[in-house]
Amino acid sequence: MEVRAGVFLCNCGGALKNIDFDAVASEMAGIPGVASVHVSSDLCLAPARDRMISCIREENLNRVVVAACSPELTEYPLRRTVQSAGLNGHMLSMANIREQCSWAHEGDVTGKAVELVKMAISRARLLQPVEEVEVGVERSVLVVGGGFAAVNVGLLLAAAGLRITLVESTGTSGSDGQELGSIHGFDIGSLVTAAERDQNIEVLTSARVVTVEGAIGDFTVTISREGKNMARKYGAIVLATGSRIELALATDSDSSAEYQGIGGTNVVSQDQLVERLSRPASGVKPATLAFMVDFADESTRFSTLATLGNALAVRKVWDSEVYVFCRDVKVDSQGAERLYREARDRGVVFVKCPAAPRITSDNGRVMVEAKDVLLGEDITVACDLLVAEAVLYPDPATAALGSVLGVRLDEKGFYQENNVHLYPVASERKGVFFVGTCRGQSDVGRVMNDISSVVINIKDLLSSGKIMVESERVKVDSEKCVACLTCIRVCPHAAIELRGTEGGKEKAVVSDLGCHACGICVAICPAKAIEFQDYRDDQILAQIEAVG
Amino acid sequence: MSMKGTIVAFCCQHSGYPAADLAGKLGLGSPEALRIIRVPCAGRVDVIHMLRAFEKGASAVAVLGCEEGACHHITGNTRAKERVEQCSMLLKEIGIDGRRVVMFRLSPNAPRKFVDVTNEIEMAAESQGRQDDNR
Amino acid sequence: MKSASRDVLVIGSGISGISSALELAKAGITVHLVEKEVAVGGHSASFCCKATDVCVRCSACVVPEKIREAVLHPEIRLHTSSTVRKLAGKGGDFRVEIVHQPGPVDPEKCIACGLCTEVCPVDPKAIHAPPVEATPFTYVLDQGLCLRFKGEKCVLCRESCPTTAVEFERKAKAVELSVGAIIVATGFDVVDARERGSLGYGRYPNVMTGLDLERLFAREGRLILPCNGQPPRSVAFIQCVGSRDRRHGYCSHVCCKYAMKFGGLLKYQNPDTQVTIFYIDLQTAGKGFARFYEEYKDSIRFVRGVPVEISEAASGELEVKFEDISLTRVSRDRFDLVVLSVGIAPRKDAWDLAKVLGINMADDGFFAAAESNGSNEASVKGIFLAGTCQGPRDIPDAVDHGMAAASEVLQLLDRVGARPAGSWGY
Amino acid sequence: MIIAERKPIAEITRALAPYKNVLVAGCGTCVAVCWAGGEKEVGVLASQLRLARGAEGSQISIMETTVERQCEKEMVTDLKDRMAEVDAVLSLACGAGVQTMAEIFDDKPVFPAVNTTFIGRPEREGMWVEMCGACGDCYLDRTGGVCPVVRCAKGLMNGPCGGTRKGGKCEIDPDKDCAWVLIYRRLEKQNRLDLMREYCAPKNFRAVKRPGRVQAGKA
């Protein structure tokens, strides 16, 4: 069908004085494919837009070239203008002759403006329409994990009418929630029973995710439970697998080796301490007690917050002497500074040491020896009970499940690559989310925020049961594709899969729902089989040809 | 006419392109010979695009992508870096200075870096141009 | 409690207000985004990128992107230069009166062509382009410089404007909105470094605050001394200025991070610059931050102990008097430049909004959340808090808190039967 | 699949020096998958040739095409009507493709642009390793599926050679696994280690007549 492009030049209220718009207009008139050239002064305002719509209709244009200011804020409204004139939104090509031409250089830049518009026209000639279609999505969510975050997410999404499957690798649900729940006073048990009673939620204990295929709105997940594999369909996947807590006794190897000999009852973890506190009657009350914080892992707030809370509890219940050995007190959480101040007011002694203390045993008492920065000398404290530093490590299954889902981990092995555009809960694969300590979060306030954020992200996607998506904007030509798997391995968003095509043979297929339209696969495909509308090779090369 | 001295810059829509806009708004002068081609991600640019720009007579070709670790598509800027190195090797093989094709990483709110980078490319291309002419 | 309307009011268009508005709009809900200033974006829109050869995850580049997405979203109605005057009704069914006090330049009509600046007779120009990151990019008229507001009859800019966007006397307009819920995201004020007079902010040109450093880097791309434009040989960062003291009993979460990231950037740009950070407790927690801290632990000098006094030595250098706790004695050191890492303080006008909305303020001056575990609901049912107006947060946490507020609003609207319509694509 | 590697440009330009109109023909299967001679590489090579000629000040006109499989006579003959104004052909196919092209268009010089290296598989993205030497007499049943002829640097049939480095690495190439250590572990896992005790007579590499011929359906 013959190309009829309308070129609309905007001189921004006549202010772009270093471009001769008449010269540009006359130069454009002669270019093949250009049906008409219009110069206006305020294309970003409504009246000029209405004139553009009537131009498109009267001259039945099938391409629109706009040479004006940056497309950053004007491309989207212009696409809607083109659509309201009955033309497909993708038949628009823009040239930035204001920020990147008139404003960027002194002196006359008419020549550059002509070239930029020619580049836009050469690209416009090759534009093809892209339809936007409504695709149905599964209104169900797979939540992996059985802890505090997982159960909360399940309940909130179930309340929004979505079908939830809670997959928990261990025997009982809510197992890993003990530490987080008990320390901060959340009763995990009641949450679990609420989940089991909710008819929208199906709890599968000792189950494992084996394979994940498809893309957002249409995930096909095989779950293995007691030897049998079940295939299920889900619209989104939430990983809330929590983390593993280990006691880091001391970082420098010599003292921890000697220290292993002690073991025994006077070294506890935070939640063992909480347990003892809740049964004050039994067991002897320790006279002096020491905490160790912020030595093994300086990038988490978990052990500090737990320590501040429990140190205060010890002072109230047992009234024993409390020492906290730490490098720095992590107070950058909600209310942490107030807790720290209250702890010191109630007599908790904070010993700040540049390096981890040396720990030895002396007939049943734990000797903690460290250099105190404030006193400037070494001190040794003999205490009856030592609460070791709790360090958060990734759940052992993280790496395996990460590769099943095709998502990357951060440098400490937690979920969610360390990329600011993924924060707070997204992964690089649409429809896969991370919540809570499995992505490195370490305090209850932030985990609660994660839970609410993921709930609204998923409601945005699935609650209406359909998503508007550009159909086949990135498409693999199954004739040309030799199924060499390069694009599948290269796609950073796991949006391409091998699927059977009408010809019967399995070829690469790009999922419209999962595709981020970045074009990395298009550039690397050895057989040039992938077409990416608006940025096809010929459209880019045409712009290069038009230069000069 | 061959575009003597033109610099073709493939600008990623998340970093290079908005940085160019901010540079314009601040009135910071970038080279007039610069021709910016907008791409969805630096990872979309392929070796053939760079070579065709040189065939058309460009004196330098640049790919401007996101900072390392801040790519919206995770691997886009690293792919672009590899392809620029490959293209530079192909140019060296046929006697053209490999430094004419460059990859720079910047963030969308760094107009100053955009201007410094593009002016640096133009000066390098010009000094290189003089060497080629009198060879 | 049937809800009359499923629209939502978001007060404040900083990064957390924008995040709340975007998530609600994606759920198909009409959002009225009210902003006091002419441009949208709040403080974090003007922060600069601190990348060395690697991104340091400061999230400054996420802000302009989300602003653009919000300004273009059809479900978000922008009300700039507007404030909330009256509130009636209760959770699920509020009636709010907004006062729109338009400035001389109409954002709907201004196309930022710059003709008005050319004709303005005053130098420095009274009408000029806004800061470069402003969205919408509407020109601003500085009434302090403009002859018109000094009684003269100057109309040059109004006549020169091609789209009649300039109108000097614009009356305030009241707008009545009925909304199902309200999100307060009014953000923070930077601590005024003059509170600690002995540190000489305002007296010595080479004593800057963290915010001044952001603006300087955004403009210049590198650090130069305010007094002579030369790069400094030695720089000191003083932490906890206006945080963790008697008046501000909280840690501002962001200062250790931006100080260390700027320190790392300075060492990267010029390795023989000496960078010293004076701190109380180094806050190195956060995703991906430990690796950054490992990298710069040896090249940056960390001194535990916050200085009490800065004086100007004869040579123009700044002499910093501090108690070096690790050596347990008072010592003095000289630096070319001192950066006061100012913290986050509650807005001075927070009290006025609290009176209008009837929400409680916590003892540290921020708005009080109903429960203490960082939940978003304020003391009044149906009003939610997002971002730094409820407590100090960095950009990723502010986005997280904003989304969480939107999520709780959606749960409220679901409970009162205000079903949102279809969803807008991802 | 067949793995190939692009020849250095100096070799190609020297061969093409006397010719003005050149057809650059890629192949869409094996060499495309190993990034040596597919449609993309045709574009890059053509562009490189034009730039090289431009730098020397002389001209070259290049026609670019890619045949689905250059080792199929019918697919190559399809290019017949375009050969009129071509002086020379540069084929990016493997040896079989180049020779088919040379055979069909025997009046024009046909030059290879890639070196066909081995039969192998992708080890990681962008890197391919040799797996099979097509020796015509497969021993894989006796070595648990690891071929020592090709994957052992010395091609020993009764390895290992005793020079194996720590960690099971090859004596000659420290980052290459010793084939016989792989064989030992594989057989150990299937507890068929007695196979290692069987003496394997030296292979008669001339047993297979060159050039090889396979007739379907015959003994």
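All chains are identified by letter, namely A, B, C and D, in their written order; residue positions are counted from 1 within each chain.
The criterion applied here is as follows: contacts are C-beta pairs under 8 Å (C-beta built on N, C-alpha and C of every residue); 3 or more make two chains touch, one makes a residue touch a chain.
Values in this document were obtained by computation on a predicted structure and should not be read as measured data.
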Innermost chain by mean C-alpha position: A
Chain pair with more C-beta contacts, A-C versus B-D: A-C
Distance between chain centroids, defined by C-alpha means - chain B, chain D (Å): 35
Centre distance in Å when chain A and chain C are each reduced to the mean of their C-alpha atoms: 23
Geometric centre distance via CA averages, chain D-chain C, whole Å: 61
Approximate Å spacing (C-alpha centroids) for the pair chain B, chain C: 34
Per-residue overlap in chain D, given as positions that touch at least 2 other chains: 40
Set of chain A residues in contact with two or more other chains: 72, 418-421, 490
Multi-partner residues of chain C (at least 2 other chains): 55, 57, 61, 137
Pairwise chain contacts under the document criterion: A-B, A-C, A-D, B-C, B-D
In the complex, chain B residues that touch chain C: 14-15, 18, 22, 25-26, 66-70, 105-113, 116
Chain C - residues contacting chain A, complex: 23, 26-28, 55, 57-59, 61-62, 68, 71-72, 109, 111-115, 135-137, 161-163, 244, 249-251, 253, 256, 281-291, 293, 304, 325-328, 372-376, 391-392, 396-397, 399-401, 403-408, 410-411, 414, 420-426
Interfacial residue positions of chain C with respect to chain B in the complex: 47-49, 51, 53-55, 57, 60-61, 64-65, 129, 132-133, 137, 218-221
Contacting residues of chain A [partner chain C, same complex]: 12-16, 41-42, 44-45, 72-73, 76-77, 156, 159-160, 184, 216, 297-301, 328-332, 334-338, 341, 352, 354, 373-376, 410-412, 414, 416, 418-421, 423-425, 430, 439-442, 444-446, 448-453, 455-457, 459-461, 463-464, 466-469
Residues on chain B engaged by chain D in the complex (per definition of touch): 46-48, 51-52, 54-55, 90-91, 93-96
